[in-house]
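Submitted below is the structure of interest, expressed as structure tokens.
All chains are identified by letter, namely A, B, C and D, in their written order; residue positions are counted from 1 within each chain.
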Amino acid sequence: MIALADQLLVLVLLINFVVLGTSRLIFSIRAVAVQGVILGILPALIHPFSWHLVGIISMILATKGAVIPLLLYRAMRSAGIKREVEPFLGYVPTLLLGAVFTALSFGFAGKLPMLAEHQNYMFVPASIATLMTGFLILTTRRKAISQVLGYLVLENGIFIFGLLLAEAMPIMVEAGALLDLLVGTFVMGIVINHISREFSSLDTSRLTSLKEE
Amino acid sequence: MTNSIIHIFLALVMPPLLLGVIGKTKAAFAGRVGAPFLQPYYDILRLLHKGSVFSTTTTWIFRAGPIVTLATTAVAALLIPFGAHPSPISFQGDMILYAYLFALGRFFTMAAALDTGSSFEGMGSAREATYSCLAEPTLFFALITLSRLSGSYSLSPMLVNISFGVWLNSGAALLMLVGGMFIVLLAENCRIPFDDPTTHLELTMIHEVMVLDHSGPALAIIHYAAALKLYVLGAFFVHLALPYATGNPALDWGLFIISMLELAVVIGIVESVMARLRLIRIPQLLVAATILAAFSTLLVIR
Amino acid sequence: MFSILQGVYDPAAVALIAALALGFAGIPGLFLRTPGPGQMCAAVISILASMVGIPAALVLLFSHATTTFVLEWGLPFGSCELAIDPLSAFFLLPIFLVAAAGSLFALGYWPAAEHPSTERGLTFFYGILASSMAILLTARNGVFFLMVWEVMALSAYFLIVTEHDSEDVRRAGIVYLIATHSGSAALYVLFSLLAAQTGSFILPVAGSLSALPPAAMAIAIAAFVGFGAKAGIMPLHIWLPSAHANAPSHVSAMMSGVMLKMGLYGIFRTLTFFHDPPLLWGAVLTVAGISSALLGIAFAVAQRDMKRLLACSSIENIGIITTGFGVAMLGVSSHNAPLAYLGMAGALLHILNHSFFKPLLFLGSGVIIHAAGTREMNLMGGLAKGMPRAALFFFIGSVAICGIPPLNGFVSEFLLYFGFFSQLQAPSLIYLVLLAPLLALVGGLAVVAFTKLYSSVFLGTPRSQGAAHPHEAGLTMLLPMGLFALLCLLVGLLPQQAMRLVAPAIASFMPQMSAAVNPAEYGVMLGRISLMALLLVVIAAAVALLWRWRLGSASVTSAPTWGCGYQRGTSRMQYGATSFSELAVSVFNGIIRERITRPGLNGLFPGAAGCGDKPTETVLERVIAPLFTIAGVSFAFLRRLQHGQMHVYMIYIFATLFILMLWAH
Amino acid sequence: MLAALIILPLIGAVVTWLIPSDRLRPIALSVFAFGHLGVTLRLLIATPPPSTDGWFNLDALGKIVLLSTSVLFFFCAIYSIGYLAYRLERSNRVLCIGLLICLSAASMVTITHHLGLLWVALETTTISMTPLIYFNRNARSIEATWKYLLICSVGVALALIGLYFLAYATIVAGVEASLLLDDLIRDAGKLSSGWVHAAFVFLLVGFGSKMGLAPLHTWKPDAYGESPGLVGAMLAGGLVNLAFLSLLRVYQLCLATREIAFFQNALVVMGLFSMIMAAIFMARQADFKRMLAYSSVEHVGIMAVALGLGGKAVFGALFHILANGLTKGVLFLSSGNIHRSYNSKSTDHVRGALRRLPWSGGIFLAGFIAITGSPPFAPFISEFTVVSSAFIDGRYMVGALFLISLGIIFIGMALTVLPMVMGEVPEDSEVTSYRDTLWTVGPPLGLLLLVFLLGVWIPAPLLTILRDGAALLEVHP
């Protein structure tokens, strides 16, 4: 089964590039949702069956796959924006950077000692690469929604790493995942809706009145 | 004891004579007969008998001015040795007191001048203030040189010490010192080329303009004090320039009197052959004097 | 807190209690509804404290002993020791004196009835300032010293900004605060390095440290910067003129008369820790001292604001003291006992003298401000008519500060001069004698400055309406002035007695040196000085009597001043403060550079035009201010980093992470 | 007893949620704050033994932070009675609930020894503060909230992955997988340095951004500037210390792993950088609340430097937790009053505060003197400890930079604060309903007295706690 996990991780990496490459917000929201679903499936592949596990998985699928994307989708609609126009860094350079970072993360993971059973799987590189992708989105996109997406991708990266620990300390992983995702992202969703009400736009370049002259 | 009495007697009586001699010399150069040698005495006596006019602006400072000036000069006269004879009062460090006594007198003179509220007298004291504080260091360089040469910290030894022998040893230093001190002598006593006591244009005066408002006895005291100051500084200068001494006390007194008169003649000559400097030039001349004295000091202490 | 004070008869304990009492003097006033009584009670308390404290200090001074207390405190900086040795006791004298005089003066000068809003704070901080200085002298724990030091500095700040409605006052306050705080930074370093040397924050005993290691040099530098900034040694004096000018006069008196000395005390105290210091230290102090003396008085000559002039002359006097101290250090380094002794004696005696005539003059300036309503000397004149007594006291102060016999200023300068001259016979450092002419120049300029001050304020005729109707000051203001004037006279006429005050302090400062000289010979010298002073007085009296007798027999008439033929002379045509000093200032042109604004006159009949001048604060305006501007500009550039754009903030985080990663591996 | 620390505020949250009246709620808040303070003091005197599973252990470090947080919270609560009376235009329900939840989570941070739980609690404080920053409900405040939320969340996320690395290190090392501090310290020797280093870096950046070390501080001026005074006080005096406590835990770990040198240097560098940044931004600062924010950046820098220097300076770091926390309370609360009275945060409008608000102005001035490290106030003790130990240990460069930036900061702050409090009130300045009352002036004054007291006398028990804490952070041979 765990061999399948690796295939899925490749998929995750590909989705990273999709998110980096697309300009249509709705599309990247969907992509992130798909990524979330995949991550939801992954535990099922690497852990033995238990009702507890089912609970976790369903929770993750619900939030990552449905709730948060919907939240973002609503915010996007209410603000009436379709696409991420003029990002701070063009799409092609972003993609290239993404590639570079992915390569780097493979290198980084290679330097670190692994457990034997994780040795020939790409959990660590995938997680680091996703993390970096998240950062890349956060630093290159203008719209608040895209930045939330970036944060989500970053979270996914962390989550992937968490899978390695899942059987060692489940509580930890769940606490992390749930708190961050549920609460953190949820609050962000709320704030975003507030923003769209205040500015009738989700363009964070409008959110620059607080600065030093 | 007798020496002290003679010293005090000379200090009391002789000063105005120098003015008389200077006047005669200038007259001679001008081809006039000129006023008698004792004219200054007559003036002072006459002034003493005149009534006084005090400006309504003035306070006690105005009256204290002449008194303090005379008192300080008198004390200075007691500190300075006349000729080969040591001064009546002499102690370690008296040369510093000597220098500072004049400062006290100056303070009062200037204050008295400003007390009248007359712009001319203010002008005079402004000049006096600046020039005298430029002359201050010269005197101290001289004192250092002398103290070094004599190895003592008191005026009498350090001045009496000067002799032809010393001249032979450190002539260069003394020569510069004489130059510097002569300039200071003229400046401090407001003689030409620094000041013209006899001019009638207040704008050009320094000392005389400061005492414009003094009258009667006050003016007499001022004249006398000025003469005494010339005498005291002259005695100092004479020690440097004309250090003759024979063992014989009486003879030495005579020599001293003569050399003082010589000094007066020299001053008279200078006053007759030179014109008063422009006021802007005066500081430069004073600084030159300081430099001379400083060089002499460096020569002796290196 | 002071559970350790057993036996109140112990003079040290008495002195400490008196010091604390000074601090509490202002507190009752804070809680009283009506302002008047508080001030009165403060005055009474501080006078009583001084009456107790001065004798105690004298006893301690002559006892040649050191009394030490240990204070339990809850701070982790070792035990907190308080000790009073003759040096501390010597510095205690002026504190008690000026504190009492000032708080008495305040009753008339800053009456609570007229200044209800400011009086409480003023009285309170005045007490705190005095008390903190007194306690500072006893502190033997570095950290405790620092704390008291800062309390002193801050209370001084609050005193300076008493009238903070005026822009000038606020600026003066800020400059002072910045200067003193920077000084304190140097002191942080100083005491840390000391602790590094000794292993504890307890100040080392005299002569216990070696001056050889580089740390010692660092300590000396830190002390010079930190304490020098407080003392106002050039070029660390930037805060001094404006602060003294803008503070209430009795505060200026306290600051100039005492607080500056605390900086000197710090330098003294620090250098006592080391045995055989290098020549360099003395040389630096000497050069710094003589140059601040010269420049300080040069600036003083140029001033037109009465209190600024006094402040600049404080710089001069501090310079003279520093010179004396530097010379003393040179004497110590070159094992030349007489030089060390004379230098130290001159310095300490001048400290005492300066704490007599400078407060006198500042208090006098307060009286003048009351009478004329301005500090601008060009607007005054003729005040002596209205206030003869104040004028007399002020005159005594002015003569004394010029170092002219027969007053006290001369005595201390005389000792310094004699020290310089005695170098002529010394084996080494003969060139020190060249300081004598420089000091003479300083003296000459001082005469210019103070004839200018006294004459333009008190003599002539009023130059403005404000000064036209002066009134004599009240008793509470005259009494302190009279006291100080009397002290000036006493020290001037009986210098050998004043010498006896100084001797123990020197003995404690440099025991081996003072053992090597015989103070008696200097005593004899000073005895002669006092004889000459008396002689001078006698002769003057004689001449005066003679003149009296002449006047008696001759006619005395009074008339207006003779205008040399000008009939329409007005009081504005007098030589004012600026015109008097213009010639002297022109000699120092370039250092001082008066800014003179001349009217542009054109046409046949030009209209009314004015002409003003302003002496520049050379160091502050030419050096410090430009630095601040540069810093401001460069900072303004860097502030773009915070431009409010989210994604760049993210880049900051990312970059930090990345760099740290690279660093870690 | 420990549980009370957590539960009491939660009960309080429920109660305040139920209370309908905006006037009564702050009073309830104060009551619970008082209760919490009581429990805290009780715990400091009679400390319970660590829980058997090792999850909960109130050690000296925890005590210090708990004390400062609880005291500060108490005074803020009292202040809220007076302050919120002027802000009745909008409901303060969310504010009170948020504060209490935050307090509960904060207490959790101080008492737990399980890094995971600590992390969860820390994240909770972050999130519970979010709505408070948005209290003013305007464009500026939503922007501030957004930046605060995103940056802090990213930071905390990084901290999380740091923890994961740590945990994975234990797994790789083959020891019992655990995030209990004590276990980790025990097994520290065995952990592979690669993972540990990575973990430390991520934790440093994560907690650093929560703490506001430059250049991760960018959210601070906005959040502090736009939130109400008492929220600012809690942020600057409370949350900062919690983040610092988390760093201390990491530091303990580093000590055990013998990898301390890198961590210390990183701390010193970041600390000095923060101070210099603060210095640059404080000069000519036109908004006094933002200035206070930068001052907070400066002081976390001071704490970081102190911790990085190690040795005696650590004592300074720990004492600075208290000193800085309480002084920040003084400054933010009094500045809140000034802000209310002038209805402006701009130093161009705020002039002569001493005239208009003698008490608040005076307290603000005193707070400025205290925070810039002048005796006789507490920050002097800690700052001088840092400086002196820097010089005594021969770290002259660090000491010099430290002093210089302190100097620049003092100048910058003086040029901002003194014109505010001194002089005349400008004629055109807006006249508002605000007046100094006992409720608004008492709390900052009380804090000021505490700061002064700690500046001249540290009570023996507190001193022992501080010493024990310092002992926990010393290198054990």
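Couple of notes before you dig in:
One rule holds in what follows: a residue touches a chain if its C-beta (ideal position, glycine included) is under 8 Å from a C-beta of that chain, and two chains touch if they have at least 3 such contacts.
Note that this is a predicted model, so its numbers are computed, not measured.
Of all the chains, the one whose CA centre sits at the greatest distance from that of chain C is A. The chain pair with more C-beta contacts between its two chains, of A-C and B-C, is B-C. In this assembly, the C-alpha centroid of chain A lies 101 Å from the C-alpha centroid of chain B. Computed from the mean C-alpha positions, the centre of chain A lies at a distance of 70 Å from the centre of chain C. Rounded to whole angstrom units, the spacing between the C-alpha centres of chain B and chain C is 36. Chain B and chain D, compared by their mean Cα positions, are separated by 78 Å. Shared interface positions of chain A, i.e. residues touching 2 or more other chains, are given as 111, 138, 147, 204, 207-210, 212-213.
Chain B has no residue in contact with two or more other chains. Along chain C, residues 639, 641-642, 644, 646, 650, 665 each make contact with two or more other chains. All chain pairs that count as touching, in label order, are A-C, A-D, B-C, C-D. Those residues of chain D whose C-beta lies close enough to touch chain A in the complex are 116, 119-120, 123-124, 127, 130, 134, 138-140, 142-147, 149-150, 153-154, 156-157, 160-161, 163-165, 167-168, 170-172, 177-179, 192, 194-195, 198, 221-222, 225-226, 281, 286, 290. Across the interface of their complex, chain C is touched by residues 146-147, 150-151, 154-155, 158, 194, 197-198, 200-202, 204-205, 208-209, 215-216, 218-219, 221-222, 262, 266, 277, 280-281, 283-284, 315, 354, 369, 372, 374-376, 380-381, 384-385, 387-388, 390-392, 394, 399, 403, 406-408, 410-411, 414-415, 418-419, 422-424, 456-460, 463 of chain D. On chain C, the positions that touch chain B within their shared complex are 381-382, 384-385, 388, 391, 395, 399, 402-405, 410, 414, 417-418, 421-422, 424-425, 430-431, 433-434, 436-438, 440-441, 443-445, 447-448, 450-452, 454-456, 458-461, 521, 524-525, 528-529, 532, 535-536, 539-540, 543-544, 547, 550-551, 554-564, 569, 571, 573-575, 579-584, 587. The touching residues of chain A, counted against chain D in their complex, run 111-115, 127, 131, 138, 144, 147, 151, 154-155, 157-158, 161-162, 164-165, 168-169, 171-172, 175-176, 179-180, 183-184, 187-188, 191, 194-195, 198-199, 204, 207-210, 212-213. Residues 48-59, 61, 63, 66-68, 70-72, 74-75, 78, 89, 91-94, 96-97, 99-101, 103-104, 106-107, 110-111, 114-123, 125-127, 129-130, 132-134, 136-141, 143-144, 147-148, 151, 153, 202, 212-213, 216-218, 221, 283, 290, 294, 297, 301 of chain B are the ones touching chain C in the complex.
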